[in-house]
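Shown below is the structure under consideration.
Just so it is clear, A, B, C, D, E, F, G and H label the chains in written order, and each chain counts residues from 1 on its own.
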Amino acid sequence: MDHHRQIRRGYPEVIYCPGKTNEQIIKIFSALAAKGNNVLATRAEERVFNALAETGQFADVRYEKLARAIVLEQKKVEPSKSAIPIVTAGTADLPVAEEARVTAEIMGQRTEVICDVGVAGLHRLLSHVQKLQDANVIIVVAGMEGALASVVGGLVSCPVIAVPTSVGYGACFEGLSALLTMLNSCAAGVSVVNIDNGFSAAVTATLINRKIEQAGSK
Amino acid sequence: MDHHRQIRRGYPEVIYCPGKTNEQIIKIFSALAAKGNNVLATRAEERVFNALAETGQFADVRYEKLARAIVLEQKKVEPSKSAIPIVTAGTADLPVAEEARVTAEIMGQRTEVICDVGVAGLHRLLSHVQKLQDANVIIVVAGMEGALASVVGGLVSCPVIAVPTSVGYGACFEGLSALLTMLNSCAAGVSVVNIDNGFSAAVTATLINRKIEQAGSK
Amino acid sequence: MDHHRQIRRGYPEVIYCPGKTNEQIIKIFSALAAKGNNVLATRAEERVFNALAETGQFADVRYEKLARAIVLEQKKVEPSKSAIPIVTAGTADLPVAEEARVTAEIMGQRTEVICDVGVAGLHRLLSHVQKLQDANVIIVVAGMEGALASVVGGLVSCPVIAVPTSVGYGACFEGLSALLTMLNSCAAGVSVVNIDNGFSAAVTATLINRKIEQAGSK
Amino acid sequence: MDHHRQIRRGYPEVIYCPGKTNEQIIKIFSALAAKGNNVLATRAEERVFNALAETGQFADVRYEKLARAIVLEQKKVEPSKSAIPIVTAGTADLPVAEEARVTAEIMGQRTEVICDVGVAGLHRLLSHVQKLQDANVIIVVAGMEGALASVVGGLVSCPVIAVPTSVGYGACFEGLSALLTMLNSCAAGVSVVNIDNGFSAAVTATLINRKIEQAGSK
Amino acid sequence: MDHHRQIRRGYPEVIYCPGKTNEQIIKIFSALAAKGNNVLATRAEERVFNALAETGQFADVRYEKLARAIVLEQKKVEPSKSAIPIVTAGTADLPVAEEARVTAEIMGQRTEVICDVGVAGLHRLLSHVQKLQDANVIIVVAGMEGALASVVGGLVSCPVIAVPTSVGYGACFEGLSALLTMLNSCAAGVSVVNIDNGFSAAVTATLINRKIEQAGSK
Amino acid sequence: MDHHRQIRRGYPEVIYCPGKTNEQIIKIFSALAAKGNNVLATRAEERVFNALAETGQFADVRYEKLARAIVLEQKKVEPSKSAIPIVTAGTADLPVAEEARVTAEIMGQRTEVICDVGVAGLHRLLSHVQKLQDANVIIVVAGMEGALASVVGGLVSCPVIAVPTSVGYGACFEGLSALLTMLNSCAAGVSVVNIDNGFSAAVTATLINRKIEQAGSK
Amino acid sequence: MDHHRQIRRGYPEVIYCPGKTNEQIIKIFSALAAKGNNVLATRAEERVFNALAETGQFADVRYEKLARAIVLEQKKVEPSKSAIPIVTAGTADLPVAEEARVTAEIMGQRTEVICDVGVAGLHRLLSHVQKLQDANVIIVVAGMEGALASVVGGLVSCPVIAVPTSVGYGACFEGLSALLTMLNSCAAGVSVVNIDNGFSAAVTATLINRKIEQAGSK
Amino acid sequence: MDHHRQIRRGYPEVIYCPGKTNEQIIKIFSALAAKGNNVLATRAEERVFNALAETGQFADVRYEKLARAIVLEQKKVEPSKSAIPIVTAGTADLPVAEEARVTAEIMGQRTEVICDVGVAGLHRLLSHVQKLQDANVIIVVAGMEGALASVVGGLVSCPVIAVPTSVGYGACFEGLSALLTMLNSCAAGVSVVNIDNGFSAAVTATLINRKIEQAGSK
């Protein structure tokens, strides 16, 4: 059985859907759900969800359309005290931001999506500075020139997880431009995940936020 | 004045040396030292340190040879309770690991360098598992195929900061190979900094460890 | 006539299908089959097989769906004594692994596919160590970060044929990431074939296994 | 005779030095100077200047060390009314900024170099906003992530000429990172010249500023 | 709300359509139109325009088919005195040239498209030299080898905004060839925007032409 | 201690020298030699050997100049029956071929270097066909266009280990050209190691030849 | 009007079809045909030909399916004495070879297509050596590893025009592999055109063959 | 013995020097000279020539400094009737042009070097049009944007051999920019050799010119 990106104890079971048939996904999903855990299927097209829903096996399964994720919550996780800001440069970055949001939430994290605050209009970003400076960790999602991660990183003193997106055309080279920008960030405290990988950014941010809150609750 | 990679309140002043003359570096170093803060000069050749030492201005300045760093500690920072493991695939990755160590330590972090545990000899890595699983955050430094970050990421449930190095030849393409490997890691919780950027990895890890320990001490 | 990747005496005739019309493939297939040899058509879409089957010319032709291969066995080849392990990092790598399996088998090799043992979950791989150490040669199939080849190479003392796959997204760059990882492997004894080229890996592994078994039977 | 980058009527004669011997440069320089025009030799190492100076032919020739330029002003050009701001992200970008400054000045432009205002420290940039908004055209010089061009572009309504520099290491890939960032700028009105090409940025900015001032003086 | 490429005071509101649903675009378009400004939607497929037109809300909205742009002019902008030449190497470059034309025109610029004057047939280009030398600024649009920008740049003394296009195949690498050619132009005064980015070229050219004409009218 | 590329039981100890100081290499070398095994130091500059020899500790240590290898044979390994042909396209490929030869020989393999038989002069290659067809495994070393591996692969029915070299200039891109050629080989049975990696090719070929001879001797 | 790749006096008129509507192509085709010249439309899909044929305007227009070319011969050109060999590595390279054949023939050249003689089966190529050595100029068409150009170049003393094709997958990178191989050819006398550009190879070969035959007929 | 780039009957013997010691070169040179043929050593540093001259063996050997070539003419070849124009964009391209000139001349070709006629100053090129149109074949040598090949190709009806050079910086990427430009040339009849490969261009041009003149003399 394949659950490509498996997360550790207390976390949801995860299925990465591309390259699998509906039949394979349903089979894996059922097996994982049977353990009583929460299940998250990422990069799932809507027709995958429909096939899954039609089986009638999973009462509360839902489809997060923008995030392209299938979510089955069987165990409620207590929500984090501190919300993780998920900041995007433009509306076109939303699907990646949504994948991050859904992933973080099924892992018990509160989130706040701050959309369309790209660096060409600094005033929009600056109006959110207080919120960013209060966070334990921030996710920044940006395509094209990807400069948002550096600017955010320069404004705060918490770790920033940067997600380059493939949004753009021409010399954006499918996200390479934003990826290189983020890797070369002058702002210390910025680390980077794969292009369009909202899932991994959310897991990383969750690991950080959870460690902080667990330490605080001892 | 240029202090290229500036870090926030309570942190050392930092000078990135490449592209500056000895005279420029001494001038900036003096100005920063005069504020009474700790000062860290990265990527400094030994002849830069000698020029600085010869001025006789900085009593306790020292040169970290392998890390290529100049360190002036004027304020003692209380050491962290938890050490940050800095894991390397091979000896040739040590200069980058050392840059990470020196950076983390001047920011008050205890560290433990675990060297030469590349994936082609798993037993060496596995003998350190307990130490890795006890950490709040781990830095992994690897060149060539860079696979170590994924293997470590699969063994622990804390965030892993991966530093690709330019160690290798041929199709390593100056660190590109390790960079791509780490960005494509199947292990969730791995995020990546620039090739050979031990400094940035250390700052990120410090931000995380500090937040956790601060939360725990409230 | 084109049989793009031709193999030497005693081997099947091989047709590489992309870029040929159904008519061309049927014509070549018939000509090759008429010699009485086994015939293998690789990268064949199902509609190619259907067209071939509808001719009614080839009684025992079969379609290996996952491998996208058409197989006509007219001469039984005696099976090898030792099986070739074909190891994959994830389920999405299966089509390439299956192409390797079908190719090796039509050349008389026994195989054993070991699936979903990627490096982010080492325990799954380690449970197969004995089987790997008993082999004469191993095929490793992995996409994304492609680290599996190095880890397997470090565990055994036989040659490892590594097949990078195009599985992944973003900075996997259509398999480039896994290709570079495998080329930079620290584990000696690992050699690499083209991205997604299960066929070539199987031919190479067969040449090795056959030479070994022939030597042993003298 | 080679004067690689020739500029139109009323402009200095220009020699691009790399790949020429001292003898060749002196010969070309003399021939150009003999016409009575101003002469600019770019990318000239100091030893080239020394060889030129030793000939004793050119009374007022001077060497701009940081810009690596040799300048011979034989005709005074009336200075522009409006200064062109040349903005850099860090001190290491200064040689390119200086090449731009020297080039613009020999073409009669007043300039103002604003140094070390990279996006990781926004407050430094924002303290210069008024000056930027008053300009007819702005040159932005930045390496590493190159985000400064977008941020400046978003603050002003005049054209911005962006010069990526090769400052950085690792995934900066000799300036490719900054180049891609600038080409993908979300801020309209930003156009880009070659990596480290302060000369071309200055010529372009001069053409713009001159056209504007000429129109205003009619 | 997202209006990805926002331009400053007195300019149209702009929507970049890719990655947005019809519903999102209609919602944004309505909000922007309600302010009474001109609105430009770029990279809009015809079905987007049809959906917008069917709402019946926008009396004078029109679709520029070749430019793939939706235009709503609610405020007439006084046309510029001087026309901006938009020069293309071949017919296949027209969609990008048209995006530039539509953008410049909604910003009040007169334009003149000069088509199919690629460098392999110099006589066609040379017959337009006077027109080019009279311009304040020129836009050059070319794919394949992209040499037109250098040749035009060598003929005039005004700034040239070069737009590489993705026209071509093979080693054109989706416009990379033309992009590199233009960045390496020997002709001073040439600056470059992203591949296929007619919009940005037009905004830059407009900023320049407007500044010149404003200066002239004082 | 670092012995970067470690080989399994019965094999020499190996040190990869780049990035280590003389002192480090001597220390590691001594420790490995003390175990009584054979020791091989690869990519060693002559001054490293001189430093090692001057210690007077290692009576029989020798320097293989062309291969840039230091060899200490303390245990004689019985030579293989069958020689491994090491075939090069040109004389400039010899250092890589020599690294392969030295590595194979310390592992007990007989070898035969066949030099300067590149594909532009087929007759030279064809005069060696019999020798190639008698081998158990062949190493092909070629830079520039790297076509030799395919031609050899088409002539034999044993596995071919292809080593691209960085020999060439311009569009050879430091060995990338030969690497891609070899990965795309039409000849089945060709697998590839890293650019210039004669060491890894020799280990792989040795593993194959040894398995065959061991099987034959049972 | 656009006839993208225009050839000189006595040559056909040429239309490059991609990026043009049927209407545009018909309009251009008619205008060119009206001059009485031969007309060649390259990279034309069959539906373009059908639209053209349905106009009923062009009595003798024909569609070369494999070459994807529309041909209108209105003036017979006297055929060359010497045929140009067009050699391909595999059947999948035929469309490019056919484009070369159709182009050469409409320019009056006799051709001979020699198919499927890739270097992995040297005997097939060697059976054509005499024909190749008698030619004035040879076109070699090959994808994947592209080694055929070097081998042919080594066998003859006439110029070889090499056409890399995009045939292959994985590390063939859309023809980049064959392109680099051909550019790095050790065989002198090999020059290269763009990936898949059978048209340009044919024009070049025609220019050469014609010059030779014209010289011979004086 | 290695004579890397060997040319056919009646041609000089050729040695490609990089990667060979003085001793090796002298040995090969002597052996080749002993056959009584002309000998050409390319890419030879001056110290190689000095070592060769000091042997006193070769009375008439000479060093072509700019071309970095050693020439020994023992047999006079009758000069061609028609000269081959070798056209360069700038002075920095001269070493490559000179390598072409020396190579062509030792093969009996008359040449004419036309220097510094880059496309940014069309008038210089246009003053040579007649000479270009009279040629049988033309060599164009250009770095940076490499546009000269297309412009020349558009002016003539003979084959053009284009040599990209590594002249330039930044986004010229060591000659990649010029290489891509030339491969994408809109002008039919342009074929391309490796970056900086003046030798191969000269051989190709010689093969063409010789065939034409031989045909004419029959």
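Keep this in mind: a residue touches a chain if its C-beta (ideal position, glycine included) is under 8 Å from a C-beta of that chain, and two chains touch if they have at least 3 such contacts.
In this text, all values refer to a predicted model and were calculated from it rather than measured experimentally.
Enquirer: Smallest number of touch links from subunit D to reach subunit H?
Expert: The least step count works out to 1.
Enquirer: Touching both subunit B and subunit C: give me those chains, sorted by label.
Expert: A, F
Enquirer: More than half overlap in residue numbers between the two sides of the subunit B-subunit F interface, or less? Answer same or different.
Expert: Subunit B and subunit F contact each other through largely non-matching residue numbers.
Enquirer: So which chain is farthest from subunit F, going by the mean of the CA atoms in each chain?
Expert: E
Enquirer: Taking D-H as the reference interface, identify its repeat among B-F, B-C or G-H, namely the pair sharing over half of the contact pairs by residue number.
Expert: Same contacts by residue number as D-H, out of B-F, B-C or G-H: B-F.
Enquirer: Which chain has its C-alpha centroid farthest away from the centroid of subunit G?
Expert: Computed centres place B farthest from subunit G.
Enquirer: Between subunit E and subunit F, what is the gap in Å from one C-alpha centre to the other?
Expert: 57
Enquirer: So how far apart, in whole Å, are subunit A and subunit D when each is placed at the average of its C-alpha atoms?
Expert: 43
Enquirer: When the C-alpha atoms of subunit D and subunit E are each averaged to a single point, how far apart are the two points in Å?
Expert: Distance between chain centres, rounded to whole Å: 27 Å.
Enquirer: Subunit B: which residues touch two or more other chains?
Expert: 4-6, 90, 118, 120-121, 170-172, 176, 179, 183-186, 194-195
Enquirer: Go through the chains and record each pair that touches.
Expert: Applying the touch criterion to every chain pair yields A-B, A-C, A-D, A-E, B-C, B-D, B-F, C-F, C-G, D-E, D-H, E-G, E-H, F-G, F-H, G-H.
Enquirer: Quick check on the complex: what are the subunit D residues that touch subunit A?
Expert: Result: residues 89-90, 118-122, 144-147, 150-151, 153-155, 168, 170-173, 176-178, 180-188 of subunit D touch subunit A.
Enquirer: For subunit G, which residues are in contact with subunit H within the complex?
Expert: On the subunit G side, the touching residues are 4-9, 14, 136-137, 157-159, 161, 179, 183-186, 188-195, 199-201, 203-204, 207-208, 211-213, 215-216, 218.
Enquirer: Show which residues of subunit F lie in contact with subunit B when the two form their complex.
Expert: Those residues of subunit F that touch subunit B are 1-2, 4-6, 16, 18-20, 24, 164, 166, 174-176, 179, 194-197.
Enquirer: If you look only at subunit G, which of its residues touch subunit C in the complex?
Expert: Counting only subunit G, the residues touching subunit C are 90-92, 115-116, 118, 120-121, 167, 169-172.
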